[in-house]
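Both complexes below contain chain A, partnered by chain B and then by chain C.
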Partner chain A sequence: MSGKMSGKMSGNMNASAGSMGGNNRIFVIGCVGVLLAAIALMAGVKIDYVFNASFVVLQFVVLASAWNILGGYAGYVNFGTSAFFAMGGYSALFMIKAFNAPLLVQILVAACVAGLLGLGVGLISLRLRGIFFSIATVAVAIILETVILNTEYFGGAKGLQMMRPEPMAPFESYDKMLFFVMILMAITAVAISRYIERSWIGRGLRAIKDNEEAAECVGVPTLKLKLIATVVSGALMGAAGAPLVMYMRFIEPVSAFSLNYSVSALAMPIIGGTSSWIGPVIGALLLGSVQQIVTVTISSELNVLIVGVLLVFFVVVAPDGILGLVRKLRAKGGTSGAAGSAKGGAK
Partner chain B sequence: MFSWDLLIGALVFGLLLGCFYAAVSIGLSVSFGLLDVPHIAHPSFLVMGGYATWWLGGYGWDPILAGLFLAPVFFVLGVVMYRIYYATFERHGSDTGLRGLAFFFGIAFIIEVCLILAFGVDQRLVEAVYIGKSIDFTDDLRIPMRLLVAFAAALLLTIGLTLYLGKTYMGRAIKAVAQDQIALSLMGADPVRVKQWAFGIATAVTAIAGALLIIIGPVDPQLGRIYIGRTFCVVVLAGLGSMSGTLVAGLILGVTETIVLTFFGASWAPAVAFGLLLVMLGVRPQGLFGR
Partner chain C sequence: MSALLSIASVSKHFGGFTALSNVSLEVAQGERLGLIGPNGSGKTTLINCVSGALKNDAGTITFKNENLNGLAPHQRTRRGIARSFQIPRPFHSMTPVENLAVPLEYVTYRGVAHKHDIKGEAEAILQDMGLGDKMHASCAGLSQVELRKLELARAMAARPALLISDEAMAGLSHGEVDEVLAILFKLSGTGITIIMIEHIMHAIMRFSERVVCLDAGQLIAEGVPTEIVKNPEVQRAYLGA
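And now, the complex of A and B:
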């Protein structure tokens, strides 16, 4: 499935790259195409594993796109993706336990809670930059994990087991429903990240990345922009974490706050290319699919290793990610570099 | 329930542990504090040192001896790391922020996963004559020998490195490169070679600290994550690059941690260092003895 997805998405990329300056119609058509393909897949395929694996890959599309809003556009490196993700999961758990709320409500509440956490982290970024900001995000993750570990209501260190309710009407199985919810979320996240990149927010964030003092001096509202970025990025990560409880049927702090989420959310945009919304999508689809294949065929520890090795490799050898490589190839090929100019136009 | 005996016990343990925290952080104090390298992988090197000590312990080596033996090996490792870092990031200057951080984060992650792949997730212990015994002062106050040995070694290490940086020619060159790199190159010294030497020293010290880490308690691959908090807390608390400050900051962290442990329970321990770090970053980012 994920192979099919990446085919779809890369077709989508070519389309949008070919259109100079941002043809929204092609993007919308691409999104609808992906959605239709997903519906066709749900109608045609019976094996639940396909949907389970795709769910994980799509989850990484959301996390990577969300990370890139703050990390790629504004240059604030978040090492604490797992904190937002897990807070989303635990907010959903709370909504299930306290109100028996449906999935949609769980996701909305998770997004709000993680968005608030994002606001807090955004306020930290008032004083801290570079490595200090990054260390602070690690600190937030570890402190929240410790708090959850010590909270009996959420099952403490042992975790909690949850029963899945019956899937809603049009869906045959809960796995398919979760898959569909996640693909909607992925499309939303990508659309938001694309909108931010191309609007005044993205321009402001890039100004912050290049030189925050200079940006402040010429009247860029840096505080407001940083807060928008941290809140939106956090809320998307939290939303991605919300279905975790129902997906795993179980939640426990160590795996919910796993460092793997933080590393992957950072590695995927860097491997794909941080300058544009499509970079995280490419990185997540590629790396997520490889991880799923390696987990099944070799081992789950090895798939984690691959992420780390690829991250270091790309940072050292190809700092602009796959997008940068593609751009270089096009420039060399002499074909006036449509992707390059589209990107230049966005900048 | 409050009792004075408990508090005194916590204070004694905290001071002993604090000295150990200073020793595990002093390498970072050089690499991050003095050289401005965003060395998030420092705690992973620490854990790697612990594992190497355990591995040598399998052949009957004493942990401290193993640590001293590992120091030159880690020195070379540190020099190589710095060369890569310099060639990829520092030489070009611009945009090192995101990439440098991602680089070291990736290295830390690779070390952790490799340790898991090689040795599994189980905790590892070493054996030595002084491990497992304790000196009993009163019924409530028993100080394990392992803590005392680690304390003494940590104190020697921290004071030794402080003297090295303050008194020797090379040490002063390292401090000079931290203050003004251009001035140093005008004096005819090559700042890159000085920095590379300093990074090697920092990593070598981390190997010995790793040996102390496994003397203090069992080591597992994921321990590095907790030590991100402890080491960066000590370095930030001390004020970047302050060596004597590192010792004081280590003691503050050690005492705070043991007091929280004694009165609230061990499960809160990981949050202490990170909490202290956050407060410090928010209130006084330049640290206690900051420049």
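And now, the complex of A and C:
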């Protein structure tokens, strides 16, 4: 898969140094806008379901952006997102059980544990590339799930139930608090993913994706860059998994290590477009919302099918995702180009 | 000890197969060295040992009086060894300018705080290599000779002291061979040491100041081009006489 994806990647020149200052300002304004909108939503809406559902969508924004750092930029397809996610959740559980730690500490510890796991997976990339690397990441997930399943401290197969503490001061409900925490994490993840894409790291990762030997021979420290990518990607996935315990009030291995997380984290960037930070965001918002709507209106089983069908559709029809489609429309120029940019802007 | 690159008793085995056996070679600063030998004689293996893509099993490789053993390829590139690949390996999702920006960012201007005009410099190098009109095009649209030039341009962007050109002319037409040769001569004129691996004999004869011949992993002959072609060992192994 990685080979095919890298082959189809379209190569747009990164924003040149001159225009980057302006773009950064727009990005920051956008982030502040999103944050203000979230605060307004929390003040105005009383129904907790809205925040419950948004929490899941935002969680996928983090997972998809994190996946894309390794899978999209460097071309190393990680099928083990669920391992990082669940390790984040179980790290949080450990911090709650052992130290009764607050949410922020849970998230930080989860990020560190999953980052270390990322380091280990990065070392796998020394020997395994392409599909073999992907299979190894699946193996990592299975091994860790088995370990957790057999650890009595974490509740084993039957899982553990946890009581939510009182929400902190400005928040009137715990759901709103979790929503706010997740929106902060989503903004952080997107900002990191965007920074990596545009910095020297991003250019090096692209070189690795195109041809690792050639990259090494023109001075790119490939191992170091791959380790940066796996650690950052893993840490973000772990952080996204940390609030899981408090969100569900319950944690058990089969749902925490669910393949659904791995598949969605991979499908969303591919559907949105892997070449840029905005791709995973578009994919996660689109697919995540559709999943939530379908879960409520039709059935919770069907949403898995929808991910599958959309993934196949995009791989066949638009291998560069929505971003690629927009670019193609723009490249046609004239009126269709304007339509394409309008569509891109609306997203 | 004025040698820029010194290869001393280097051996390399792949399982039971001996790819290089006790090869010793010195390359002087500014020299134009031709490396010839039949297919499978170990030319590319030797180059891979020098560039760091392979680890030599025995012997030492010294560059600018520094032992290279144990250094990763990117560290060797930063010390001044650049290579082109036999089969071009462009970064195909990037334009030629972006291809060159990678070594410019990672080698030439590594750790330099203030912004250099990397794009401008990449354009200048490509212009110099005769790729001026394709600088911002997609790599997918480049012809074979243009890809070879891009390989050389990308290697040069790292500002090497030693350039290893691995069959940069194989499969090119007569006129195209001359084009690439002209580029290599121009680079040599700027003081860069060049090792040229090539099967095209007229190119080797014109370009090299000295030629070495490998056969079955061993160095069998060394001398000026006119001597080498008369050497019976070389004729037997390589020229098929």
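The rule is short, and it goes like this: the second predicted complex is superposed on the first by the 311 of 347 C-alpha atoms of A that agree within 3 Å, B and C clash if a C-alpha of one lies under 4 Å from a C-alpha of the other, contacts with A are read in each partner's own complex, and residues count from 1 in each chain.
Assume contacts are C-beta pairs under 8 Å (C-beta built on N, C-alpha and C of every residue); 3 or more make two chains touch, one makes a residue touch a chain.
Since the model is a prediction, treat every value here as computed from it, not as a measurement.
K.L.:
Quick check on the superposed pair: does A:152 touch chain B, chain C, both, or neither? Answer first, second, both or neither.
P.N.:
neither
K.L.:
Contacts for A:316 in the overlay, against chain B (first) and chain C (second): which applies, first, second, both or neither?
P.N.:
In the superposition, A:316 touches chain B alone.
K.L.:
First (chain B), second (chain C), both or neither: which does A:267 touch?
P.N.:
Only chain B is touched by A:267; chain C is not.
K.L.:
In the overlay, answer first, second, both or neither for which of chain B and chain C A:166 touches.
P.N.:
neither
K.L.:
Once the structures are superposed on A, label A:211 by its partner contacts, choosing first (chain B), second (chain C), both or neither.
P.N.:
Touch status of A:211: second partner only.
K.L.:
In the superposed arrangement, does A:77 touch chain B (first), chain C (second), both or neither?
P.N.:
First partner only, chain B.
K.L.:
Per the contact definition, I'd like the list of chain C residues that touch chain A in the complex.
P.N.:
For chain C paired with chain A, touching residues are 51-53, 72-74, 77-78, 82-83, 85, 89-95, 97-98, 101-103, 105-107, 110, 115, 119, 136, 138-139, 154-155, 157-158.
K.L.:
What does chain A use to touch chain C in their complex?
P.N.:
Of all residues in chain A, those touching chain C are 6-7, 9-11, 13-14, 16-17, 200, 203-204, 206-207, 209-211, 213-223, 275.
K.L.:
Show which residues of chain B lie in contact with chain A when the two form their complex.
P.N.:
The contact residues of chain B facing chain A are 32, 38, 40, 84, 88, 95, 97-99, 101-103, 105-107, 109-110, 112-114, 116-117, 225-226, 228-229, 232, 236, 265, 267-268, 270-271, 274-275, 277-278, 281-282, 285.
K.L.:
Write out the stretch or stretches of chain A touching chain B in their complex.
P.N.:
71, 75, 77, 79, 124, 127-128, 130-132, 134-136, 138-140, 142-143, 145-147, 149-150, 157, 259, 263, 266-267, 270, 274, 301-302, 304-305, 307-309, 311-312, 315-316, 319
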